[in-house]
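What follows is a group of structures, each given as structure tokens.
In the two complexes that follow, chain A is the common piece, with chain B as its partner first and chain C second.
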Partner chain A sequence: MNIRLFSYFVTLVIKSRMEYRGAFTIGVVGQVVGYAANYLVIWLLLQNFNTIQGWDWTEIAFLYSLNLLTYAIGASFTYTPMVGLDQIIVNGNFDMYLTKPLSPFLYFLANLFNIGYIAHILISSVVLIWSISQADITWTLYKAIYLLLAIISGSLLQAAGLIVIGSLSFIFLRVQYLFSIFFKLKEFIAYPISVYGTLLQIILTWIIPLAMINYYPSLYIFEDSLLTNKILGITALVIGPLSLYLAYRFWMYGANKYQGAGG
Partner chain B sequence: MIYVEGLSKEYKQFNRASGVIGTIKNLFSREHTIVKAVDNISFSIEQGEAIGYLGPNGAGKSTMIKMLTGILVPTSGKVTVNHLVPHKSRQEIAKRIGIVFGQRSQLWWDLPVEDSFELHRRIYNIQDKDYQKNMDIFLDLLNLKEFITRPVRQLSLGQRMRAEIGLALLHNPDIVFLDEPTIGLDVIAKDNIRNFIRQMNRERKISIFLTSHDMKDIEEICGRMLIVNKGELIYDGTVEQLKSNLSASKIITIEFVVDPGDAVVLENAVLVNDSGIRKTFRIDKGLDSAIDFVQNLSKRYPIKDFVLQDSNIEDIIRMYYRSLEKDNSTQMTKQEKLSVIY
Partner chain C sequence: MMRSYSEITKKAFFRNTAYRSEVWLRIFGNISIVFIQVSIWTALLGTGSLNGINIETMITYSLINTSVSMILMNKVIYVVDDKLKTGNITLDLLKPINYPLLLFWDQLGNVIFQVIFTVVPTILITWFLFGLTFPTNPYFIVAFIISLFLALVISFLIGYLVALVSFWFLTTFALDWMVTALITVFSGSFLPLWFFSDGWKFVAEMLPFQFLGFIPAAIYMEKINIDEIVWIIGKGTMWALMLWFVAQLLWWRAIRRLVIQGG
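This part shows the complex of A and B:
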């Protein structure tokens, strides 16, 4: 599937959603209000503490927005197909994705693209840009490119997380509770991980590398010297594409198992 | 075109023990039964042939279609479609086949029908010239023009199925698989769809692989019929042949004054349906023996009324199925039982 065909799918998805314009608008407004409330809670918290582990309000806002923005981009492509996959398999509707001259993976993502994340993207981009303008950052071209790549890599990593859990549907048929665990875990990175104990920091860096989404890129952008291990800043750019590739392979393995190849 | 030899597909089916203890036991050890959905089936289909693939629910019809289209990988046996192995060259084969699942839709529910056609044009990379030519034909023959600009959710089931079939034929496939395409449709919609499929088969030499529970679909569209039951192929031949083999049989439904019970003595007759005082028999040796049968019976039991009819193809199939069910009750014990621990 090429990009033109994928974008035609997206066009159809948008057109479908616009059939229910009212519901769509309410959804967008609801999401924006919901996330604005989340920002407000953090802001209120920082009225009392001023900083969390040396991070002030604008920096935390940046950290939070980077997580939300990359999630929204990744989830646009993967949330609906992956969270819905177990049900799609159980209902027998997965067969349809194996009847076209297309990669089942890309066809599946394209067909279930979700435009609803436009709300998340909207609010997180606004806060991200605002926080960049407020925070004390010495900008270089290098840093600007770094930020762009970090957003891409983070989005791929978030997508990979959803894909891996979704792929387990092929094996266990019911995986909704795993998604709940994943979203709970993701709450840890709403704050700089330096507030947690060493063990949790190691887990969030190396085992379930969620800190690669926003924590290490933020360190890199705010204050290079804070990032004692520069490798981590670079790793954050590599881990996204790498994990997406592995997640894709895992999904294809699952799809093969579904078809009954040797299983 | 399609070549199938010794094809089988097995599924593992886990047995669930009942009760609290059984549920706990299931967590650690589950027995499973190997179910043969398709059992050692062989046949081949030429280009331009229309075949009806027939069998009761659970006979393995859909499994066969899924193996021929590359959705499922067979457990054993050989299968080629257009000289390619479906599950190995799934995307290649997908370009040359069309599929209609009567119970699932390929159309975008909230969008006008034409958007789904445009999407298919792009998926299959159909040339403008071919697209235009097919659309002109379909708009006319399937009467798509009356609803092509309407959202799919507003269409009747018949209209939707016409659109589905047009969509499956848009890229000029060599073979079309139709899995119960007329399910739930009214007589007129069924006729329209049958005529269209028949026309495409005759004029374009498109091979048709049709499963249906409606015998008329198969009589009108297909020259050849395969009957399967419990995964096994039990009949392969023309529709005419099957009919003539059994055309001598008559079906008699007798209404007794009192239910004679199971004690009815049956000479030359097979009891095919028993609902108390109404019993249906099949007599295989023509009209004369049917009349004899009624006369003999009326001497022994008071008869209120009787209806004599030629057996039609549906009855034949029904009898086929029923006689097979009896044989199969003993077969269950043959299935392997394995125990897995994990």
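This part shows the complex of A and C:
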């Protein structure tokens, strides 16, 4: 399945969603307000304290937005198919994705693409750009490219997380609670992970590398004179594509083992 | 009449027992939230204090606020929404019971289940992990219990009102996001109203959302002047009555307009 066919599918999905433009727009407004509230709470907090572990409001806004933006990009492609996968298998609808002369993985993702994350993307990129303009960063072309790659890598990592949990549907048939845990864990990276203890920091860096999504890229952008920040910042760019590849392999492994639940 | 209500509550309670496996997940989620908040407050306050608020205060505050959020009933909006969309609301309307009261007692069953299986374990575990302070003045204990009841009623009425508004606009999703946003900021979830600047504090005090977290927690911690308590409880009661009045008004108009989809 090539890129052209993939984007054609996605366009069709978006078009069908846009049939209900009014309801869709109101939904987007609702979600933007919802996330604005989260930003507002952090802003109010930093009115009192100025910084959290040396991170000021613009830096925290950057950190938070990077997480939200990469999640929205990753989730657009993977949330609906992966969270719905167990039900699709139980209902016997998964066979449809295996019987087309297309890559089942890409066909599955394209068919269930979700345009609903446009609200997340909207608010997070606006705040991200604002925070970049406010924060004290010396920009170089190199750094701008880094940010772009970090966004891509972070999106892949977020997608990989959803794909891995979704793949477990092939084995366990009920995985909703694992998604809930995943989203709870993601709450930890809404703030700089330096507020937690060493053990938790190691877990969030190396075992469940959620800090690679926003924390280390932010460190790299704000303070690249430190060697550790540099190394971990570059590592963050590798972790995303690598974990997506592994997640893809895991998903294909599950799909090959899939025998069909109905019938 | 009372017996039929308690039967409704009992039924809702036992309906929840079907989802026992989700209980430990909620406990895990709550403890994560309290843990994150405690970590941040530790980073911010350290061993010092701001406006007379120290880390012990904030641990108790986080726990009480998180626990109160578990018993809020504003998600009743989805119950009404579901019944409207499936047309099942007709079955409820046929019953010789006041519809909002039926909903309230039904939700109460959920709340009792949550308290026993989620809130109590969360409090015990957090108490063990971080420590917890208890109110000593019986006057405050009584006021705290009343404020919990107000939180139940006000959150129910807000959810119910929004559901009624959806009768006209069919925008449950967006409205729920906005209500959640208002609760996030103005109920003092995470950031107590003590830390709001004057302007924001004024807005928060003009809205009913402070009764959904901040007021119960502040009373529990005896952080409200003893002579102000009666006034605050009175204010909450006024809010409940006002919301109830508006809800009744909307209800009679909605019921006349009710068109069951299909059937």
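Here is the rule we use: the second predicted complex is superposed on the first by the 253 of 263 C-alpha atoms of A that agree within 3 Å, B and C clash if a C-alpha of one lies under 4 Å from a C-alpha of the other, contacts with A are read in each partner's own complex, and residues count from 1 in each chain.
Please note the rule applied: a residue touches a chain if its C-beta (ideal position, glycine included) is under 8 Å from a C-beta of that chain, and two chains touch if they have at least 3 such contacts.
Keep in mind it's a predicted model, so treat the numbers as computed, not measured.
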Exercise for the section: Considering only the touch criterion stated at the top, classify A:Ile52 as touching first (chain B), second (chain C), both, or neither. Expected result: second
Exercise for the section: Kindly classify A:Glu19 by the partners it touches after superposition: chain B alone (first), chain C alone (second), both, or neither? Expected result: first
Practice task
Identify the partner contact of A:Tyr8: answer first if only chain B is touched, second if only chain C is, both if each is, neither if none is.
Solution key: first
Problem - chain A residues touched by each partner, larger count belonging to chain B or chain C - result: C
Exercise for the section: Based on the superposed arrangement, let me know which partner A:Leu40 touches: chain B (first), chain C (second), both, or neither? Expected result: second
Practice task
Look at A:Lys184 in the shared chain and tell me whether it touches chain B only, chain C only, both, or neither; answer first, second, both or neither.
Solution key: second
Exercise for the section: Answer with first, second, both or neither: which of chain B and chain C does A:Phe172 touch in the superposed model? Expected result: neither
Exercise for the section: Pick one for A:Asn93: touches chain B only (first), chain C only (second), both, or neither. Expected result: first
Exercise for the section: Determine, under the contact definition given at the top, whether A:Tyr142 touches first (chain B), second (chain C), both, or neither. Expected result: neither
Problem - Contact set on chain A toward chain B in their complex - result: 4-5, 8-9, 12, 15-16, 19-20, 92-93, 95-96, 98-103, 259-262
Handout entry: Touching residues on chain B, where the partner in the complex is chain A
Key = 9, 66, 69-73, 75, 87, 90-92, 94-95, 99, 101, 104, 106, 108-111, 115, 118-119, 122-124, 151
Handout entry: In the complex with chain C, residue positions of chain A that touch it
Key = 23, 26-27, 29-31, 33-34, 36-38, 40-41, 44-45, 47-49, 52-53, 177, 180-181, 184-185, 187-188, 190-191, 194-197
Completion exercise
The residues of chain C that touch chain A in their complex are 21-22, 25, 28-29, 32-33, 36, 39-40, 42-44, 50, 169-171, 173-178, 180-182, 184-185, 189-191, 195-197, 200
